[in-house]
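In what comes next, subunit A is part of two complexes: it sits with subunit B in the first one and with subunit C in the second one.
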Partner chain A sequence: MNANRLPYLLILPVTLFLCLFFLYPFIQVASQAFTGSDGFSLSNFENVFSDWKFPISLKNTLLLAAAVVPVQLGLALLMATMVNRMQKGRDLVLYVWTIPLGISDLAAGIIWLAIFEQSGFLNSMMQGLGFIDRPTTLLSYKNMGLVFLAIALAEIWRATAIMLVILVAGIGLIPKEYYEAAEVFGASPWKRFLRITLPLLRPSLQTALVLRVILAFEIFAVVAALGGTLFPVLMGETYAYQFERLNSGGAAAIALVILGISIAFTLVILRILRVPKGAQI
Partner chain B sequence: MSTVTLTNTSTSNAGKWVYRSAVLLLCAWVLVPIYLLFVNTLSSPEAVNSFPKSFTPAFDTESLEFFLGFSGMLNALLNSVYVAAITMVMSIVIGAPAGYALSRFDFRGKELFRMLILLTRAFPLPLLALPLAVMFIEVGLDDSILGLALVHTTLAIPFAVLITFSLFSGIPVELEEASWTLGCTRLSGFRHVVLPLILPGITASAIFAFVISWNEVFAAAVLTIENRTLTAFLLQNLDTSPLHLKFAGGFILVVPALIFIFAVRKYLFAMWGIANR
Partner chain C sequence: MKTIRNTLAAAIALPIAISATSAQADVLFWSTQAKPVQEQQAMREQVLASIDGVDYQANDGGPWITRLNAELEAGSGAIGVLGALHGDYAAMDPADLVDLDDLGVTSNSSTFNSLAMLGTDNTKYIPWMQASYIMAANKEALQYLPEDADINALSYDELIQWAANVHEATGEAKFGFPAGPKGLKHRFFQGYLYPSFTDGVVRTFASDKAVAAWEKFLELWEHTNPASTNFSFLQEQLLNGDAWIAFDHTSRLAQAFNERPDDFVAFPAPAGPEGRGFMPVLAGVAIPRTAPDMDASKELVKHLMKPETQLATLKATNFFPVVDVNLPADLPPAVKAAGDAVAKMSSSADANPGLLPAGLGSKGGDFSKVYSDTFERIVLAGQDIRTVLNDQKGKLSAIMQETGAPCWAPDAPSEGACPVE
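What follows is the complex of A and B.
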């Protein structure tokens, strides 16, 4: 075997696979979105944008991401720094905190449904504490704030773990000497966090945020389980266009909108958290 | 002097106390919702639909029996296992060689290749199920286990490549070189030296691929009609199915995930540490 050709032979399967199942469908979806009844047209987009449900689902998706991602970032940073100084029980605590990593969004939605449904645990607890006499319907159009809260809580509960894993791995890469030096100079734990952990964690923060924000725009099953049709989101609209309205051009157009938002936010995050050349560990 | 020491210990004691209760609180935040799902699953359908709820399980298996007896459910469960198993095998067989190439060789286009892999992570991949549904109809893969497994492999492959890349990088190339001087070829050296060392890690990333497929909802719902997977089946019946069916379904979804995360917990952080660089 020629040693020069071996690496190319080894990456050939993945490259072929991704061309066939990633690049090709991507081009398909793009061309389908821009194709009307006679060639190139923006009619799919006009169609989708003029639908009354589109602005609502766009607003809901963005609001949810704006509410969920910062909380997750803060929580993951807190958990990661807590784990970092832990001596006893670190493995056990990390296992417990990463459990939601293996739980699907649908299952997470169902889990929080157990708490928020009418005969659920929240109502049972409120009654046990004497706040209410009869169970009230919590997840209805009359309580849109509560629907939003339930979905946001389920998302925070489920998807903080992926950020935690990335951040814990990133903190592990920071040399311990930096902290020791800072301690010698009398830096408080808070100062050490601000001046050492945060700046050196930038690459991990980048990865974590990009991954999380993209997943936040893909939110679908949690909403389906908790809000149903009460709370339209973009991914759910894509599904509805494809299967209920049987309009795959419209579905492709919304898919491109989601893709566009994802790419825009990815670029913004990469720009804000860019690591200056030569500053990598 | 003594008073200063005293206040110091008392504040650090208070700090420790706050720290410990915060850790416990965050553990409870993760575990209590799962516990409540277990309570619901292990109660009879009547108890699930009644009010107020008991906060302790009755260990009644009626809900689970109802779930398993529900028409089409067992089939969906089996489909989920098949799809996840095929995804697991394909993503490792296709992904691991690339991980090896990235860790051992410097070649032209390496950066471009890495970019392609990283790029896939920056895309809402389940959306690709829409055009693939059309493509699969043309080639006769529509509504098939293999077709869905191909899409799930696309989801899992970037992770498989990056994880195996980091695993192979953890094995010194000198070990391999030593085996060549002792008369091994590249292939036999790989089989006798690298493979035994890498196998646990490969298993972990295979399990990770399994979980990705097992949990995936959108593509599964788009691509299967008759051959629904468990997630697709549950999603489709969300509006109509009774509560105890939903909770039992959620339970069945969660349990394998709990076990699998436990199995791969050691590798989770090593996987991500290197993927960041």
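What follows is the complex of A and C.
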């Protein structure tokens, strides 16, 4: 076997798989989005953009990503550095922290609904402690702030672990010598984090952020469970177009909008966190 | 070596052979109805036990239509019989469904039978079972019923007063409305609120009477549990006490009556100035043109229409028969309660029955969205009623023009597409 060809041969199955189950459907969806009743048209996009819910769901999706991702980034960094310093029980802590990752997003939404709903845990607890006389409705159109907070909390709880896992692996790759040298020169732990960990973590940060941001734009089940119809997001609208209104063209159009936003943000993240050629480890 | 290979081959071939034979023998009954696990189990064990070789699979509307469309596009499939709502069939191309005129089974309602032709000259599906929407209340709420109000002949004003009394007495808004993502709120507007206040659904969409209807609904909303936007099956909220008075589909209230029959009452929907609007739910069975074994499929459809099967279906799903049957005395509490309420509703002096939307084809979803969007804009977003109605009117009118659907009751008949006045 020619050693030059081996890598290509090895990635062939994955490539074929992706072409069949990703590229081919993607091309179909893209062509569907631009197909009207008679050939090429932008009518699906006009239809989607003129819907009164579209700007609201776009705004909600972006706001949620803007609120959730930075918190997750901070938390994941904090947790990753903590785990890294641990001598004993590191694996156990890591496993416990990544449990939410194993739970489906709908299940996560329902867990948090059980906490926040009118006869839920939060209400019963506050009533039991005497803070309130009777259970109140927390998740309603009257408390949109709280609905937003509940969704954000559920998302943070559920999906921080994915960043954590990537960052823990990234920190493990940083050579110990840098830290030892910094210690010799008397750098404080905070300085070491800022000057060594963060810059050398760039590639992992890139991956973690790209993954997380894309997933944030695809948020659906958690919102459906906690917000009901109150908090429209882009993915929910896609679902509604496809399965409630049986309008595949419209669904394809929104899906492409989500794809466009994801690509734009990915490019921005790649650009901001790029590692100059000479600085790679 | 050779024997090992042979054994291996046999081991691999065996399950394939088994699945191939079972796929051939079983008629796949592909349904959007009787979806909750208990109902699926009851369908298999009670309704379909007396006929051999039926594989009952219930699914959400999305996966249901996706697989069906895939089979139709491929030109061959495994689905033998379809079970779905009238609206699901109306959204399909009638040519994809086998004509069932020669089957010799029909429902006892000529309205249903003509709806089942889907605008063609042939029977495209057989009406299978029916239901409706009713009201239900926790018995604790009865003490707050306004004086001299008859629970079986409530008006919208009395209902609002009742909900207000409960609100005042308990400090909580306890009217429950299915405004959740899977809730059937649009049916309330199409079949109940609009007919009761405007004696129409499409023609009167943006009329002054419609403005009055929405104003009335806003009054009711004052006393509606604000978490209603998460309610989709009101039986849950009746059982956990979040709602004391509720409106929903009979089968979405059934669990409450079956679990605690002594705690709840069922009663007719309220009446407005134009009568007591209400609307049926109609499910049907059909055979797709790609069914693998046409005879077996037809046998299953005939089986489902037998009076004894229809009774078993009633017990399993809380959907009522569409053929003449003698109802036995040992019916589940939910069936009794819902049956009584529906009977009172349809026999009331001011009954104003509506029909299911017809002729909308694949625009059925868009049609319902007009009503749910109107609700979300007026009630949740607090926009001006007149402005919203005038705005949504354009969308409704476009749908009617595009489909050319004629008016259905209670709207006055139309020549051609039903106009939005």
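The working rule: the second predicted complex is superposed on the first by the 269 of 281 C-alpha atoms of A that agree within 3 Å, B and C clash if a C-alpha of one lies under 4 Å from a C-alpha of the other, contacts with A are read in each partner's own complex, and residues count from 1 in each chain.
In this text, a residue touches a chain if its C-beta (ideal position, glycine included) is under 8 Å from a C-beta of that chain, and two chains touch if they have at least 3 such contacts.
Worth saying up front: this structure is predicted, and the values here are computed from it rather than measured.
Trainee: In the superposed model on subunit A, is it clash or fit for subunit B and subunit C?
Mentor: In the superposition, subunit B runs into subunit C.
Trainee: Examine A:L139 and indicate which partner it touches, taking first as subunit B and second as subunit C; both and neither are also allowed.
Mentor: second
Trainee: Using the touch definition from the top, say if A:S41 reaches subunit B (first), subunit C (second), both or neither.
Mentor: After superposition on chain A, A:S41 lies in contact with neither partner.
Trainee: Contacts for A:S188 in the overlay, against subunit B (first) and subunit C (second): which applies, first, second, both or neither?
Mentor: Neither subunit B nor subunit C is touched by A:S188.
Trainee: Taking the superposition as given, does A:N247 touch the first partner, subunit B, the second, subunit C, both, or neither?
Mentor: The second partner, subunit C, only.
Trainee: Please indicate which partner A:W52 is in contact with in the superposed arrangement: first for subunit B, second for subunit C, both, or neither.
Mentor: second
Trainee: Between subunit B and subunit C, which makes contact with more of the residues in subunit A?
Mentor: B
Trainee: Go through the superposed model and pick first if A:G228 touches only subunit B, second if only subunit C, both, or neither.
Mentor: Both partners, subunit B and subunit C.
Trainee: After superposing on chain A, which stretch of subunit B overlaps subunit C: 60-68, 150-158 or 222-230?
Mentor: The segment of subunit B occupying space taken by subunit C is 222-230.
Trainee: So which positions on subunit A get touched by both subunit B and subunit C?
Mentor: 113, 117-119, 224, 228, 239, 242-243
Trainee: Spell out the residues on subunit A that touch subunit C in their complex, using ranges where they run on.
Mentor: 52-53, 113, 117-119, 133-134, 137, 139-142, 224, 228-230, 239-240, 242-247
Trainee: Please give the residue numbers of subunit B that touch subunit A in the complex, ascending.
Mentor: 19, 22-23, 26-27, 29-31, 33-34, 36-37, 40, 48-53, 55, 93-95, 97-98, 100-102, 104-105, 107, 110, 113, 116-117, 120-128, 130-132, 134-135, 150-151, 153-154, 157, 161, 186, 211, 214-218, 221-222, 231, 234-235, 238-239, 243, 246-247, 249-250, 253-254, 257-258, 260-262, 265, 268-273, 275-277
Trainee: Once bound in the complex, which stretches of subunit A touch subunit B?
Mentor: 1, 4, 6-8, 10-11, 13-15, 17-18, 21-22, 24-26, 28-29, 32, 79, 82, 86, 91, 93-107, 110-115, 117-121, 123-124, 127-128, 135, 157, 165-166, 168-170, 172-173, 203-204, 207, 210-211, 214, 217-218, 220-221, 224-225, 228, 235, 238-239, 242-243, 248, 251-252, 255, 258-259, 262-263, 266
Trainee: For subunit C, which residues are in contact with subunit A within the complex?
Mentor: Residues of subunit C touching subunit A: 60-62, 65, 91, 171-173, 179-181, 225-227, 229-230, 240-242, 362, 364-366, 368-369, 372-373, 376-377, 380.
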